[in-house]
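Below are structures written as structure tokens.
Here come two complexes built around chain A, the first alongside chain B, the second alongside chain C.
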Partner chain A sequence: MNEFHFSFVDLLLSGLRLSTPLLFAALGGLLSERAGVANIALEGFLLVGAFSAAAVTYLSGNPWIGLSGALAAGAMIGLIFAMLTVYAKADHIVMGTALNLFVVGALPLFNKIFFGVTGSTPSLELDQRLSVWFLFFVAVALSPLIWFFLHKVPFGYHLRSSGENIEASKSLGISVKRTRLIAVILAGMVTALGGAFLSIAHGSQFSRGMSAGRGFIALAALILAGWRPIPVILTCILFGLADAAQIVLQSYPLPDGSTLPVQWIQMFPYIVTLVVLVGFVGKTEPPQAIAKND
Partner chain B sequence: MKKLRFLAPFLGLLVALSACKKSDSTTESTAENKAAGAPFRVALVLDKGGKDDKSFNASAFLGASRAQKELGIELRDVEVNDDTQVEPTLKNFAKKGYDLVIAIGFTQQEALKKAAEANPNTHFALVDSVVDLPNVASLMFKEHQGSYLAGALAAMKSKSGVIGFIGGMDIPLIRRFELGYREGAKHVKNNIKVIVNYVGVTGEAWNNPTKAKELAVSQMGQKADVIFHAAGASGAGLFDAVEERTKSKAGENFYAIGVDSNQNWVKPGFVLTSMLKRVDVAVFDTIKAAKEGKFKTGRQDFGLQNAGIDLAMDEHNKALVDDWMKTELDKLKTDIVHSKITVTDYYLIKR
Partner chain C sequence: MSSLILEAKGITKRFGNVVANDRVDLSIREGEIHAIIGENGAGKSTLMKILYGMIAPDEGQLLVRGKSVHFESPLDALSLGIGMVHQHFMLVERMTVLENFILGSEPTINGIVDEKSALQDLKNLMLEAHTELPSSSLVKFLSVGQQQRLEILKLLYRKSDILIFDEPTGVLTPQEVDQFLKSLRDLKARGKTILLITHKLNEVMAVADQVTVMRAGKTVSSLAASSTDVKELATLLVGREVRAFDERKVKSVKKLSGAPVLKVESLSGVKKLKSVSFQINPGEILGIAGIEGNGQHELVQMLSGVKVHSHSQGASIQFLNMKIDQWNVEKRKAAGMACIPEDRHHEGLILDFNLVENFYLGSRVHFDIPTLLPFKEVTALVEKSISDFEIKAKSPFSKARELSGGNQQKVIVARELFGRPKLLIAAQPTRGVDIGAIERIHDELLKRAEEGMAILLISSELDEILSLSDRVLVIRNGEISAEFSDVAVQGPDLRYEIGRAMV
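On to the complex of A and B.
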């Protein structure tokens, strides 16, 4: 009597929606890490993007201005992260952790200043939000664009070279510091779009901690894709689909009428990661000069 | 050293920001009611959701603020963002000589136990969990009773015969909501189908609205037309999903049921009702009793019998709940209060 029905189309669409913020964050991470700046601050970048998009959209009434706000704030947080890692030469991992913690504490404060509460921004009406699918296509279109940028544009060469070998890059007259600074600012902007997706497209407000670990999942997707912009589309969609599949599995009835324990089902995306990583991908090569300072 | 000098402005900024956040909550929360001699001092320690979660913590803060206004107590509130900070915070308030320290949320249980053992002369109160010590009042809510009513109403309202439940983190407290909801729905309609999903198994599950939205979309895809959430701030995703689905499908209606605080106003017309957990009443009553020297320790239960648990009926959902539904609900309420109906308590079947 507990008949079970769901549609594959719904599952697919849900998976694509869930993969969008991952793809933005993974592409941001790619720009930063290919330039040699290890970036575990993606989580913080996402939150900054989510907050600024929701806040600016609410105050201006226009989601496009909100999206621009997210880009500006993303560039700003990217600039701060680059200053700390590239110029102040702080350890990338330590600074990434510090930045994440800082953002988690600072955003509720800004929220309080603008809206009088620490919990969330005011909710946005339907017509004040962007289409989920528009941003999904932006994310997918961004991947080949970034590939082109890295492989066909001189600055792209410099960026990759800064991430592979600092000394060799300098001997060619490339300013590694400046290249990395620009790369991390771009990373902040791209990742902030993922945050904007969460707060003004898929969701209708910023609430604290709403990225819920997506920055780290994106990092895993990036590593799984071997830091390459086209495969990263596939790994992010894989994670998104695995997430959507576990939603469906939660209500899948066992022969005795009960359902699988939630804890088991929630392992599903991670088991997929392990299987794919060990079984299909094998060893992935990170950029050689990652986390090394000039 | 060069590095450090470079970092100084950023560190300065960090310190300034964190300092101004702290002073901000201090100045705001410390009462000015020092008129009648030494004021009665109360500390409220909220959990991660924070006092603006429009839900559980917000309700606790509301009760304490009311006490501040009406009883002239001095109130300090703190939001603890890090689990390891709970115990030092509680102990610190006790050391400073606060008359009553109230901890909100089951996550503070262990810390409160240690703090209460170390400070036997301070009165403590804990919401949602039990600490069996002579100076602790444990304020417990019968969530299963309210969830039973929510389930009954969902079953009455549903046209498809399928309803949904979205839990936040998969823990016994939320299973208690789920079980009550199932029983209430089955009582009204024996063959009803209840689809159950949980957002996650970690604390992040309370703060993941877009994931909750996908759960709701999936449930509506499986024909659920009334969905109850017990998922904290993630619940915003359910409200969005219900609104979007209703507006995109002409002639079909989908409804959400809110939780803890009255959430009917969040999306008027789409929120069928909210299961109220009157943490505000519990907190206010406890402060009042303590101030009058009648502080009662031990376990205190808030349920339908003392309006600690209820369904929210106001102008926002007046058009959604028919009179016959209200009558049915009142009957069920009376039956539960008079023990004619016993709602299974998940806590009791598990231990």
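On to the complex of A and C.
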């Protein structure tokens, strides 16, 4: 017989923690999409961040160096995505899908090269990991910072106008391509922090598929928040709570003492995502020039 | 007179095998208002885009203040003081007035946008230009006239002293046009040089010092405005005589019998429209006059079926005695309604589709197999439209985007008339269309009306209303504020009264 302990506070805390990677990814997506680059490659960005953070932390023994490694790798993958979409003018959605597939295929190879196995990086010691709450507060603090960046800094103006009206931006001498390139590199860096959360704060290693669709859930949170940096905190927490509830429900006892099949319960966050998307897509307005190439 | 500030010599620009500009020469003197007129597709916009550095000429030379220049981008032109207000505004709709004002040239303190000084600059310029805009409102909430004024302020902020306007008055209300023309004179008084493209010859006569006429990619003549008149300009422009806009070509007033084609009863919308009722008889042209933004758009959307509402009590739309309130666009079209929407780019055409595709999409219901594209048939129809309406297009497979503004409009008119509709809703049917083509479209509308087609003509152009309508309703604040019958007989005498009912 299962003993079931349920504490609302625990659920809440766990939800907040789990919202962290979503928030990083959603903010990354925001930077990219507000600049006009549709970004379904967030999933790949997360995995790259997770792997590089874990690998560099293990090799250096220092999570801060690991975090820097994640930022650098995030910038790299952002650069690649920007080259494909902004400069090679490929379709953003097709390229996002391709990049995700590429990352899923390439990371085990890197893992094999560095650590001899394809599945996961070696486990980190407890003192080699970062505080979950530290990263949570970084993510939350980043939101108003990005708002400020978008609304008070010239580059933020250019970023928004590039995502809204390409012709108008160009007529004012703004280089839409360069602006988007920088925005997507920043998106890669921010999202990679979410990956680092998964592998060196919340978890203790990188393992295959550990992002578990969070890049896409973050995208849903972004849409729900109308691509705005402050509301996105709340929508990410909503999805974080859904994720936490899923974990709690896994041990929820049914009257006969058994539990619900895990597979069903694990669907919960995704079902929430689906419901939200069906209900809200089209109700919030995306940047007008999203996915359009200059 | 003063010196030449801007010169174009032998400018040629080709798009594929279309020669948009063919060895064009143009001389602009400092401090003058220089009008450039010409038929749709004559190459006016192309020439302006070259002067502004938006596109590069294939051949020819540009001189600014006597020095030969070469523009890589609009920025180069801007740095020499050349700025342009485009036919379609270059504003970011979801940014504020202030943000748009400084976009691309933001003043900063320590890397942060100095909103205070920007706001001060905006206020100063607004004061100088006698205009007032809400600085923190999003541009999408501005009226078209306000957006245009913002565009002008943007140029002034960037210290442009050669201002290019491409069809600036096409989208303005009569009041706004007056205000705009006045602001042009103001700008001139402040030493600015102005290039003005327009299809409206009375505007040319009202403000211009010099007029250059373009035809088929060439400049055919350039003359002082004081030495010419509307009639001469019209003849130069079209290459033949045209009847003046206010000379009404009287439709044989033949009363067609039969039930009303359209009967609208206490129709209300969600935005503007308030309990509007009217009916149109076969063969009748009912004009809806009014300043834009008083509910016309909603009326068109509800009549054409783009928006279907059933909330208001007692409201009904009857078409040929059928209650069509809940019908969708397709069903209404199939029953014999057609619509020329006011915004050709958003509602009339898919710019990246070619003419055949655009034609078919809008007239799909009139073909036997409404799911398969009857390719040959539609291509032939488009070819016929091209010759009937003198549409300047490379081929039926040109993308809509590649046509000049006025020619895009003609494609829509041809398409909507094709199905022999019993009712045509025509919203601003001749916006941006040259005078020769206006005559062509007006003749066609009158002919169809004589054959029994009813027309609901929505136009902010009072001349157009007066020269076509049998009866006129004035719409104000979403309500019908006045009705005038026998317009054909009283004609121009009603101008003043109608104008008064509009405000």
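One rule holds for everything that comes next: the second predicted complex is superposed on the first by the 254 of 294 C-alpha atoms of A that agree within 3 Å, B and C clash if a C-alpha of one lies under 4 Å from a C-alpha of the other, contacts with A are read in each partner's own complex, and residues count from 1 in each chain.
Just so we're on the same page, a contact is a pair of C-beta atoms (placed from the backbone, for glycine too) under 8 Å apart; a residue touches a chain by one contact, two chains touch by 3 or more.
Nothing here was measured: the structure is a model prediction, and the numbers come from that model.
Engineer: After superposition on the shared chain, which partner residues are touched by A:275: those of chain B (first), chain C (second), both, or neither?
Structural biologist: Once the two structures are laid over each other on A, A:275 reaches no partner at all.
Engineer: Report for A:167: first if it touches chain B alone, second if chain C alone, otherwise both or neither.
Structural biologist: Only chain C; A:167 stays clear of chain B.
Engineer: Which of the two partners, first being chain B and second being chain C, lies in contact with A:145: first, second, both, or neither?
Structural biologist: Neither partner.
Engineer: For A:112, decide between first (touching chain B), second (touching chain C), both and neither.
Structural biologist: After superposition on chain A, A:112 lies in contact with chain B alone.
Engineer: Could you look at A:288 and tell me whether it touches chain B, chain C, both or neither (first, second, both, neither)?
Structural biologist: second
Engineer: Should A:14 be classified as contacting the first partner (chain B), the second (chain C), both, or neither?
Structural biologist: In the superposed model, A:14 contacts chain B only, not chain C.
Engineer: Examine A:158 and indicate which partner it touches, taking first as chain B and second as chain C; both and neither are also allowed.
Structural biologist: Only chain C; A:158 stays clear of chain B.
Engineer: Please give the residue numbers of chain A that touch chain C in the complex, ascending.
Structural biologist: 152-154, 157-158, 160-161, 164-165, 167-174, 285, 287-288
Engineer: Residues of chain A touching chain B in their complex?
Structural biologist: Those in contact with chain B are residues 1-2, 5-7, 10, 14, 17-18, 21, 80, 83-84, 87-90, 102, 104-106, 108-109, 112, 117-120, 123, 126, 198, 202-205, 207-210, 212-213, 243-244, 247-248, 250-251, 259, 262-263, 266.
Engineer: Taking the complex as given, what residues does chain C use to touch chain A?
Structural biologist: Chain C reaches chain A through residues 54, 73-75, 78, 84, 86, 89-95, 99, 102-106, 108, 111-113, 115.
Engineer: Mind listing the chain B positions that touch chain A in their complex?
Structural biologist: 3, 6-7, 10, 14, 17-18, 20-21, 24, 49-54, 58, 79, 81, 170, 191, 193, 195-198, 200-201, 204-205, 207-211, 213-215, 217-219, 221-222, 233, 236-237, 240, 243-244, 247, 266-267
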